[in-house]
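The first chain written gets the first letter, and so on, giving A, B, C and D; residue counts start at 1 in each chain.
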Amino acid sequence: MQIRVYYEDTDTSGFVYHSNYLKFCERARSELFFQKGLSPINGDSHFVVKKIEAEFIKSAKLSDILIVKTLVSEIRGASLKLIQNIYRNNELIFEAKILLAHLKGEKVSKITHETLEFFTNFKNR
Amino acid sequence: MQIRVYYEDTDTSGFVYHSNYLKFCERARSELFFQKGLSPINGDSHFVVKKIEAEFIKSAKLSDILIVKTLVSEIRGASLKLIQNIYRNNELIFEAKILLAHLKGEKVSKITHETLEFFTNFKNR
Amino acid sequence: MQIRVYYEDTDTSGFVYHSNYLKFCERARSELFFQKGLSPINGDSHFVVKKIEAEFIKSAKLSDILIVKTLVSEIRGASLKLIQNIYRNNELIFEAKILLAHLKGEKVSKITHETLEFFTNFKNR
Amino acid sequence: MQIRVYYEDTDTSGFVYHSNYLKFCERARSELFFQKGLSPINGDSHFVVKKIEAEFIKSAKLSDILIVKTLVSEIRGASLKLIQNIYRNNELIFEAKILLAHLKGEKVSKITHETLEFFTNFKNR
């Protein structure tokens, strides 16, 4: 997924505000669903971020075009581990390991069979 | 209401990103409710912004302390007009006229008597 | 310019947070430059938003695809007036009149001949 | 440092958008400086986030009042490790370990003596 850096993404340092890389990752996760005509919210079921380990390698700036690559590294009954890397011109500038939990209402709940299959597609990209 | 400018509010120009002044105004509107132990959302009733006329007079930057002043200029059955001005050290840097509509669900609906009284308090501040 | 609505753009009402429509407009303005290999920042010259008149007609929600159309309505020596409309499925949901001032450093300054020509392209789209 | 949750901080799930907890942490870091009449930017020296490990324990929602506590866990020549926890009514809802690097221009550089002393104050809070 390709993302352009706009004014709103930058801060007074001249570079992208650090937490916005996590927004870019979330856009890429949602876009996986949208591209298949699905939504990350399915009735009262959805995913929430439980843990993030992120490394900020290089800084992006206004007008940069970034690529977010999403890989599912582990699928469990009620959670997923993702690796999301952000590249600029094939150079890795940000990497994150993200643990998502699946909720139904406000309770952790098993990921449905269809959603599991959906994510299996992203295991070896 | 007093607001500090943080990194997140600025952009690569070194100043506050323009639409963030509108966020500051919204914080001030919500804080009117919170200060009285109320919420801007009352069951399925809430206000939405319908129109904005804003003038950007001076730019704020990291660490500035801004004051948002809110005045109710007109109260109708299902809408309110507000004037929200932002000051830095008594200097006016932003002014907005904001028309809010009152919704119940997704339909325009009469503002309740209690809410009308609540806003009347802000008519001559 | 096409924009997808992500989680970050929405708020607890279930719809897009009002000031984010102005972010979408800014993305479209910047993208005009980026598409030609230019930047909205040219040395120490850039544009700032001086006035906005915006009308919020319908609300957008997660996964919506919005189209921002930008028209230059007036070109003066040191300022521009734009009309920026946002559509969803050909339905107008937001419209704004935006006055931009051209700055060199922190002072208003004449728009260069090249930039004037650049914007003239968007006068009758 | 006390933070109120406003509309802008929430998303369509009804809770605070995940990366906004990192914004709250950044506000608290900057506020450490502002409270002493200092700035996190000192000439061309400033800190950047290099690594984050964050755990999202509970979700905050509109009108919640959150407390961010910042503890310096390790001080090195050109970097700092912080622990930043967010509480709501004394309940821990978010915790993060954050590695900051000190830059002069775009290069890693030794933290000045004064800044080291400044951070030493926050080692045992």
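As a convention for this text, a residue touches a chain if its C-beta (ideal position, glycine included) is under 8 Å from a C-beta of that chain, and two chains touch if they have at least 3 such contacts.
From a predicted model like this one, the values you see are computed outputs, not experimental measurements.
Trainee: Relative to chain D, which chain has the most distant C-alpha mean position?
Mentor: C
Trainee: Name whichever of C-D and B-D has more C-beta pairs touching across its two chains.
Mentor: B-D
Trainee: Provide the C-alpha centroid distance between chain B and chain C, rounded to the nearest whole angstrom.
Mentor: Result: the chain centres lie 22 Å from each other.
Trainee: Between chain B and chain D, what's the gap in Å when you average each chain's C-alpha atoms?
Mentor: Computed value for the inter-centroid distance: 27 Å.
Trainee: Roughly how far is chain C from chain D, going centre to centre by Cα mean, in whole Å?
Mentor: Between these chains, centre-to-centre, one finds 32 Å.
Trainee: Of all the residues in chain A, which ones touch at least 2 other chains?
Mentor: 7-8, 12-13, 19, 23, 26, 41, 62
Trainee: Please name which positions on chain D make contact with chain A in the complex.
Mentor: My answer: residues 12-13, 18-20, 22-23, 26, 41, 46, 48-56, 59.
Trainee: Can you name the residues of chain D that touch chain B in the complex?
Mentor: So the residues of chain D in touch with chain B come to 4, 6-8, 23, 26-27, 30-31, 34, 39-41, 62-63.
Trainee: Across the complex, what residues on chain C touch chain D?
Mentor: Listed in rising order, the residues of chain C that touch chain D are 7-8, 10-15, 17, 19, 61-62.
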